[in-house]
């Protein structure tokens, strides 16, 4: 544990170093490399904790923090699991950062000044995970928000970044405020803000529910739960890509950690309707997130919305866990929580992979607009292959890892009919349907993304002039892609990492099937559902080999190239005739977007004879903005205008105000007396 | 019976100070305001004198002297000088609230001060309570005057009327140390001094004594 | 560990599916033609087409990438693997314990994903249209499919296909309204997933009505052969799946003798033929839908499924 | 300690040479700081007039320290203003002498044992700074100075009335004379009597004292002088007004709160302080959004933070009081640093309009990042001492009365929003053209900034034992 503490300290020191020597190219490389090393050490230690159950002293104390409460860092299986997830992403992002071209399509210079914040951001996230009191937790939490906010601002010269960063930090502050209040209520019994003391305080159901609501707001806003997700699709894309990868892949997981830590660990026995709320929110989040993702033109926004979707999936798992646990169904709670945590790990891996892949694309093309890309599979084969793996994984398709966690989530949902309370029982199939819809739409969204960006023909010179990126960038995406496959094929290996944690929080470990064949993932001991990645991989590889051999031995092996069918055009109609991202999304937009997002297509077609170009435009409105945030901001604005009158009164008015205050206060005091 | 007489006289003087403060509230002509203020100073110094004599507190004589010199003589003279120097017209008025409004609000302030002061202190003598209530009323009237008047000189008089209220309270409470009066006198002197500077400053820049004109320069009005 | 007999039966299943699939499609085509008062192609025509295509040269767009070339193989393999998991004549298949119904849906999903990507690889407008519509249909069908699985999950408490088939065969479950709803839902899903009328017309090559055909428009030679074979396998798979759940009688259970297996084997073509006939009759009696009526079609499937779930809840007491 | 600024002030008034004057100014402040530090090693001696205890010792040190850094800063600032013809040599002379006079009144106000003396010192502070606010003699500056003088003058009269009431309450027990206005005697007597003093008079007195000193503290709705005075005065003056004057008047309120607490249980001071604190926080938070002038923006932020500190003291208890004291110190350091950056910034860019300044981190990195750091600190984000104090305030408020947390957090969030909005506008984006590329006195301008902010960061992570001890003892005294 002290080694983890030292590694975090090293990250902080690196921040200082980078602050001093941020301009120097060598220093940049060194800082990223050292960050990767520090993160790797922490990840290794966390892993060994999960495997061995101990890494020496579990708690270390430092002479900083509040005078009467020195900072204590501690580790348990929950921390360890999330430490592993977070630092896995951190290593990948750091390695990627070594080679990441400064000119990454953001057109910004002076990113070197923002470099110090990278290790600080990593440190902030790690502090949250090992904090064992509310102060340290919130310190790390805010530090994480703050440093990532500045990292977002590293692209401050771009249009929209400023607004994104502003909304981000204010929402983060809002979330922190909710968490602060929650911790305050948890500690209210004796004012002791250590987690150990909070665990010991029994809460009334009402108080526990208030704390639960606050945590849902606090952690949910950080994770990107609808309707508190609005900052996420703005802020995540605005940062440099490896930071986006961290924010989307990893920082949202820290928020999930906060949710689990407080609701499952500190609050105590949940009530069934908490599960219901979380479940329904998760379902809505998943579907809204993926629908928005489907309609984005900006690559990174698309990925950010997809993060919202995946957070929804994780939340569904957590909601089911709460519901099962409230009913004392421990085995099912274990299943649902395993699903959620498995997806935490998976999403961290494939979302990092995808964002880093987009970083490669940005480096190569300097573009974020999908409509300007195409055909990159020819220019950047390794990135394209890794990105394809990521797309399959995030679409929840076998044999990649995304399928495994979604499979587990579905298994948990299918068992939801055993719940006692009828509102949850009805909610479960509906949420299940939402999840199914979300997963299928995600596949559509990633077909669209991959198809438009990597396949087809280049839609602009940016894309046609692209070249493959540097080694460290390729290496990090390739390793992550490999991880996606390995976890998808050997899911049971990950279960052993999760099971100590499940035992700690649910009381029983996940019962991996024993009577069934080797490495099969099962939902229950006595059968239920099953999935075996190894068998699948072996079969697919064997069949592929056989098939290719057969086809090539007995069929015609020749092939030639030609121009494709142009619908009657004899000349090549060119890349503009390709389906675009917008046209791909059009059916979904018509079916779902018209009602949910007021999506409208506007076509301005010139009359025959006119020489101007036709204009096609899509307008969309986010209902969350329309119903929640715009009115809120509007009312604050109106209030501000009203109160602003106070600024420019005359001296006599101010004196009158003083007189009135005096009179009122005297009246109040008289009333009190 | 001395206590009875002493009470009556103190009572009377206090009431007169309050009455004059009413007069200050309703008086509209600037020149007349200065004279009224001087009268208040005179009555106040008399009150201090009486208090000192009846309770045999010697430093109150000194207080009375200071009050008389400063409030009844130096300041009114200075103000008259200012008025002359700045060629303020003798009929220049500063209507404030108007008689009805000033009286209505003034009386309600008196009620407020009595309501707030009287119940608090069963232990304190009636006279102390009463003089405190009167002093508080004078103080509130001073504030009211500052709120309603626009002319720099009437504002200044309102300000000093507040100081008078304070003096009255200090006199009314037994044994308030001399330091207080001296400090008040000191403050008032400096106040007048600074005000004078500002008034000239304002006049140099703004060509008026109307405080209202200054409001044009208050920050960020739009 | 799987027994030897189950391994052998599994191999038999793989071959059976491969052999029966073109036959089923040929039967459906022939029957449809007959219903339209045409003579129609011979039933064995799909086999001939397959071998003919295998012998042809492949013509690819200049722009086609490795993904385009490998997609047909991958699609075929994934569909075939999925087909190997659906019990047809026996529930004692070696691979069945390794994959449940959700995994089967997942495997088909991967195949669809690759097809859709391949459609976008050549860089024409048709591929895009096809991919886009295909993914829309899949997204709409998925919730309905989940409802079916949910109903089965409640009743059988398992998503493993042999478990479901065994439970259905045991007769202890009785007849339930919910099953009818589930059957209806899965039929609509199957129609949508296989690109049959009224969602898609497998026989059309008219640009604006194509879905699946648009994606694979550029394929030729052995690639096209594999893609078409995969399509046939998928249709067979779905009919077999429906049969294994709802008309599961006659299947051999683990430990059953050779006689039971033979009975099961004999019943498979009969079941498929009846299913195919129903497809043909249905398709000739209905017109293709506009794209934007798909949601209504599949929403109906979903609502049926949900209604089934709720009825099931009611019948079991809240 | 008290003599040093007085002598320096006199010297500065006499010496015509500007350079020498500023040198003397710096030296004098350094001397004051040294004398204040010396206090640490000498045991506090209480006399009838002055005394030192755990509560004021840290404020004395803080005052002397910020006074010193401000004089350091003002050397460059004033040189710049003179060289650009904004000010004349005699203005600077007046500045130096009045500045030292102001320091004297501040230190006197902090250490005064006699309530009357404390009052006089605080009143004198107004008198010393009003001409400083008017140093530029623009119409707006005159308006600001007049407003400052009138509002604070009236306010302070209220305080005097309060003092008279306190005397009235104490007089039956301590008798007449100076002793009845000596704080230490009052306190021990009140504590000794244990509720014997008429609490209702004291409560009424507290209303007057709160409004009186609250005016100087800048509590809404009697804060009106503050934004204008901070805006129109020269930046060093804004820095000390915000960093010191507000603290000293809040300190005065605390002294009376202690008296009331010593006398027995009463709800009034707590309720009033909580109410005014919240009103200040919310009003100032909302005010921040419509500000166009950067100094006025910070001025409202001072109102907000004074509101928070007042609120904390209203909540009371060892933790909230501790947090309040910490908050005062942290706010002083941060806010004065921010005023330094702003002065520097407006000299470089030639404007104070928020909308006209952009991209400082690009055009002037050292300044821009100082601004970012300072704004982030003042917004209460870690690793800042203000984060610590706000954390403690919120948690202790939850324990005290959870419903009060809602408006508190709301206010903090509103202010945070405004800060981030403005900070991003100022520090980021494409830089706007500067009047001059690089100010010649960047070192003297930015060294104090980084010094202050460094202290705030350190305090956010680690508080020295001595300071903790002071805070805890003072928090205990505050009840």
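We call the chains A, B, C and D, going by the order they appear; numbering starts again at 1 in every chain.
Here is the rule we use: a residue touches a chain if its C-beta (ideal position, glycine included) is under 8 Å from a C-beta of that chain, and two chains touch if they have at least 3 such contacts.
In this text the structure is predicted, and so the values were computed from the model without any measurement.
Q: Would you identify the chain whose C-alpha centroid lies closest to the centroid of all protein C-alpha atoms displayed?
A: Looking at where each chain's C-alpha mean falls, the closest to the middle is A.
Q: Measuring centre to centre with C-alpha atoms, which chain is farthest from chain B?
A: C
Q: Per the definition of touch at the top, where is the C-beta contact count highest among chain pairs?
A: A-C
Q: What whole-number Å value describes the gap between the mean CA coordinates of chain A and chain C?
A: Here the centre of chain C sits 35 Å away from the centre of chain A.
Q: Take the average of all CA coordinates in chain A, do the same for chain D, and state the distance between these two points in whole angstrom.
A: So the centre of chain A lies 43 Å away from the centre of chain D.
Q: Distance-wise, how many Å sit between the C-alpha centres of chain B and chain D, to the nearest whole number?
A: Their C-alpha centroids are separated by 31 Å.
Q: Averaged over CA atoms, how far is the centre of chain B from the centre of chain C? Could you give it in whole Å?
A: 99
Q: Going by the touch rule set out above, which residues of chain B reach two or more other chains?
A: Residues 116, 119-120, 143, 146, 211, 214-215, 218-220.
Q: Counting only residues that touch at least two other chains, what does the list for chain C look like?
A: none
Q: Spell out, as numbers or ranges, the residues of chain A touching 2 or more other chains.
A: In chain A, 647, 649, 651, 655, 658, 662, 666, 669, 673 touch at least two other chains.
Q: Any idea which chain A residues touch chain C in the complex?
A: 374-375, 377-378, 381, 388, 392, 395-399, 403, 407, 410-411, 413-415, 417, 422, 425-426, 429-430, 432-437, 439-441, 443-444, 447-448, 450-452, 455-457, 516-517, 520, 523, 527-532, 535-536, 539-540, 543-544, 547-548, 551, 554-556, 558-567, 575, 577-580, 583-588, 590-591
Q: Which residues of chain D touch chain A in their complex?
A: 146-147, 150-151, 154-155, 158, 200, 203-204, 206-208, 210-211, 215, 220-222, 224-225, 227, 267-268, 271-272, 283, 286-287, 289-290, 319, 359, 361-362, 365, 369, 372, 376, 379, 381-383, 387-388, 391-392, 394-399, 402, 405, 409, 412-414, 416-417, 420-421, 424-425, 428-430, 461-463, 465, 468, 472
Q: Please output the residues of chain D touching chain B within their complex, sorted ascending.
A: The touching residues are 114, 116-117, 119-120, 123, 127, 130-131, 134, 137-140, 142-147, 149-150, 153-154, 157-158, 160-161, 163-165, 167-169, 171-172, 175-178, 180-181, 198, 200-201, 203-204, 227-228, 231-232, 290-293, 296.
Q: Hey, which residues of chain B end up touching chain A in the complex?
A: 112, 115-116, 119-120, 140, 143-144, 146-150, 211-212, 214-215, 218-221
Q: Please name which positions on chain A make contact with chain D in the complex.
A: Interface residues on chain A, with respect to chain D: 63-67, 110, 113, 134-135, 138-139, 142-143, 145-146, 150, 153, 156-157, 161-162, 165-166, 169-170, 173-174, 177, 180-181, 183-185, 187-188, 191, 193, 636-637, 639-641, 643-644, 646-647, 649, 651, 654-655, 657-658, 660-662, 665-666, 668-669, 672-673.
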